[in-house]
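Here come two complexes built around chain A, the first alongside chain B, the second alongside chain C.
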Partner chain A sequence: MTVDLDKYAKPGKDHYIALGLEGSANKLGVGVIRHNLGQLSSNNRAQVLSNVRDTYITPPGEGFLPRDTARHHRNWVVRIIKRALIDAKIKGTDIDCICFTQGPGMGAPLQSVVIAARTLAQLWGDIPLVGVNHCIGHIEMGREITGADNPVVLYVSGGNTQVIAYSKQRYRIFGETLDIAIGNCLDRFARTLKIPNEPAPGYNIEQMAKKGKHLINLPYTVKGMDLSMSGILGYIDQLAKEMFGKQAKKVVDETTGEPITAEDLCFSLQEILFSMLVEITERALAHVNSNQVLIVGGVGSNERLQEMMKLMIQDRKNGQIYATDERFCIDNGIMIAHAGLLSYRTGQTNDIKDTVCTQRFRTDEVFIKWRDD
Partner chain B sequence: MSSSTLIPTAEYSAPDLKETHKFDVGNGDHSTDGQTTQISDIVINAGGEDRDKPSEAKDTPLGHLRAKLTTLQDQVNVFLTERMKQDKSKNAQKEEEDIERRILDDGVDEDDSD
Partner chain C sequence: MTDRLVSQIQNHLPNIPVQVVSQGAEALVFQTSVHPYIDKPYLKNQGKYIIKYRPSKPYRHPTIDASITKNRTIGEVKFMNKLTKLGINAPSVISADYNRGIIWMEFLGTELTNGDISSLKNWLWYLEKNESKEKCLNDQVQSVCRKVGKLIGKLHLNDMIHGDLTSSNIILEDFEPALIDFGLSSYSGLSEDKAVDLYVLERAILSTHSVFSDHYNQWLLEGYEEIHKEFSKQGGTKKYVETYRKLEDVRLRGRKRSMLG
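So, the complex of A and B:
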């Protein structure tokens, strides 16, 4: 049996249109999606009508502060929404529902964007609002784009690191970070090395890592199904400070005697962190007897991570890996529109008084009404 | 009220205030570039530039409302920041009095006596 997704369709309309607003971290994203009536399938895919993003960039060595990030979102949100509507060739009144990220994320940026959502909903004549869990947005968009029907999901980004599998109308967390997220670990190391934040610190680390060839010893900290990364960061940060600070400590590779470079540090950090992710993902696959992996989240656009995951999955029978490119991997508005529209199609909307955002909002708190497999 | 004169207002009341504080945007020049909503010094000092300035207000009723709202926001921010400062200094004063009381009345901190 499948869930009826058209119980709430407007009479006489053969499709739905949703606007999605995302701003839980330093990206402000606005997307417009269209679903035709009927089940989503390989013959009836969601259509991306527009997907616009603007990223708040800080100087090298600096992270993004909530206050300035919120200011960026506030000052750009109207312009970005206008652009998204023009790209999609629609008017505000064509929209069935306005979807916004309700959490998890940074408080101030979330608050700025939800105000835009509430205002538009009222301005355009009582359009229903749908609060979306950011992680669910990533998962549902990843499934829709790749066609992976029931994968184990590795969700890796600046604020989240989780291994997730679906069971009985919940996306359940099998393993996760015990302290900082993987993207946070990479970004903070980028700050230590004063690598530019444009286009993204993680991207720049990835490029440097390609030039690294010596693997240095780093702690490997998988704890059951979970992992810990703050210790690794502390260790490599210290080493980098000794090497590139006043001390100018010389470190050499144990086997070749060649000097260790910043590129080698980036390479080693990636290799160790990604190995840990591959290990817990493989174990989750065995647990749920699956052979599909879907990688979502900003760090998911890292090609080395995709490559390492592929090596693991190829050893499994009919193993398949699914990943998306930066348009859908990195935070965006379209995934919020898509997941929100699924919610809307099963009758789940938020009254204005229930649109308060929350910094903590776990993936498994969401009831996945649109699936019942 | 006609739509050409949209005027935002705000009121603030608290148990320790005798009267409700009313904010009035006045007739001055209004702009969307607020005094209290500038980029952090931290970003500028680190060599960053401000690429996120708000767009200028249009010469329309809603545009004027935006500019006035920015003035109102500035007033509210200044007012609340001042109140927070007062709170802080009150607390600091209280703490000082406390130390004095402990030294003069008790001679020793009670916590240290056992």
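So, the complex of A and C:
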């Protein structure tokens, strides 16, 4: 890489500091990151100064609604930012730029965080604002933490399911969901089964799936490099309603005759969905001739998915898999700070009038100025 | 590693010499010199055969894996059989083992002067590298491109979709094109699906043969139109107009992802 990343450093300083604000869904995250001058490399890693997060949790059987989530963010944003600054041991005026999630995500929560970002920027004396695409945040943070150089990225979260590869200064989408996202599918199934949302519905499904052993028959819907999940959800939802509703229908395993439990449903759902994800990832790997996979996004912290991906990658020459833990997988402020700072270091900032957030913001719309390979 | 997969197929097919030709995401393609049950088959190429193997995927639950392997193998064999019946150039199926995901089929293609297999891609690359511009755009190239267009037209007239049209999935035998690799094939009468099929090929040509892609694509479409006109009594012309209009739409919308290769 030969992009000059030091043109915009404050005179006399040997580093950059960025504040990142994330609130595209039910997590409110604030992070502070520090880049020393020069290219980021294995000897010059970005330093995480602080990474604070608060999650809006709803009662079992309920999802988070935009209005309530936005209220949660508004109530907490000042406290969380203060906490992040204290943890990082910096003052507001030390910051080079304030980065915020510009999209994609839920409108109301995004907006409340953008307002916080604008206010701070003016309060601390005209600090530049940088709008960040949420998906790019995940990808760049994943690359920085794992050291993966040019991987195929599987981005799986509550709102997104995409297989992405880099080419000519864009992260291009090779395959994606045709209807609902994987996290959405799992969350909604958790709601049907009244599985608690604490700490995360997906996490609880994962724990239950570990106890399941009978596989029920579910549709398998991969279309080339895309996949579809609404049919699977509809099918298993219906079955769950019949089993645990008024009907109390008894379902037994076809081969052993043992009764099917809620754990078995979780197990089957995970097996089928993750098989589909791994398959489209493998297809993308073959297509771009790569052998590195990076898993990012909230669902990426699922150990079964990581295990399946590992099994797939072992069959490929020099295959390598990269995954991060929940600190960086699940939505956080630090990834917004990191991607935003990269953008800032190449001179991309937003005027206040251009800081409007958008619910739809595709990954391949972003021009990746900081890479030129 | 690939070695593990090769030893798997040798387990399934003991005493059959196999050589890896290519590895995709889903399947491995081998070449072999053995026909499973006849010494002198009714095939042009009597010394070489292709074996396509869908290995079981260790990451999938065994039940899911078995059903996927079986269904996809059956689907592909049926598709190829239908092509053979319709007289659309494609390898004929010799034998298949659905449960193990093995398809034994006819070997198509010859060797080019540089030793590569005579796929449309290799042939065009060979010309682009070694010949003058005039030779790259001569009547023979034009006629081959038109024939490919006609072949795809025939496929679409029968409401069959290839799903992964690229210049490497078209094999030339004595300058007669044949289609291969039906792993993503499907059946559809919708002009949208046909248009996407054509668009995928158009993009593939653009990225692999960028210098003369305009000419190639134009000739392909001309052939595609020609075969539809030949079947105008069966509504071919109407179908062509519909598909072409859809193709223009798809081009504009730019099929959400712009791919590399």
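Criterion: the second predicted complex is superposed on the first by the 372 of 373 C-alpha atoms of A that agree within 3 Å, B and C clash if a C-alpha of one lies under 4 Å from a C-alpha of the other, contacts with A are read in each partner's own complex, and residues count from 1 in each chain.
By our rule, a contact is a pair of C-beta atoms (placed from the backbone, for glycine too) under 8 Å apart; a residue touches a chain by one contact, two chains touch by 3 or more.
As the structure is a computational prediction, the values presented were derived from the model and not from experiment.
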| item | value |
| --- | --- |
| Fit or clash between chain C and chain B when superposed on chain A | fit |
| Chain B versus chain C as contact partner of A:Arg191, first or second or both or neither | neither |
| Where the C-alpha centre of chain A sits as vertex, the angle toward chain B and chain C in the overlay (nearest 10 degrees) | 120 |
| Touching partner for A:Arg79 - first (chain B), second (chain C), both, neither | first |
| Partner chain in contact with A:Gly61 - chain B first, chain C second, else both or neither | first |
| Of chain C and chain B, partner touching more chain A residues | C |
| First, second, both or neither for A:Arg71, with chain B first and chain C second | first |
| First, second, both or neither for A:Arg118, with chain B first and chain C second | neither |
| First (chain B), second (chain C), both or neither touched by A:Arg45 | neither |
| Which superposed partner A:Ser167 touches (first chain B, second chain C, both, neither) | second |
| Chain B and chain C, minimum CA distance [Å, superposed model] | 31 |
| Interfacial residue positions of chain C with respect to chain A in the complex | 1-2, 4-5, 23-26, 55, 57-61, 63-64, 67-68, 163-164, 184, 256-261 |
| Interfacial residue positions of chain A with respect to chain C in the complex | 165, 167, 172-174, 215, 220, 224, 271-272, 274-275, 278-279, 282-283, 285-288, 307-309, 311-312, 314-315, 317, 364 |
| Chain B residues touching chain A - in the complex, by the definition given at the top | 37, 39-40, 42-43, 46-48, 51-55 |
| Residues of chain A that touch chain B when the two form their complex | 56-62, 65, 67-68, 71-72, 74-76, 78-79 |
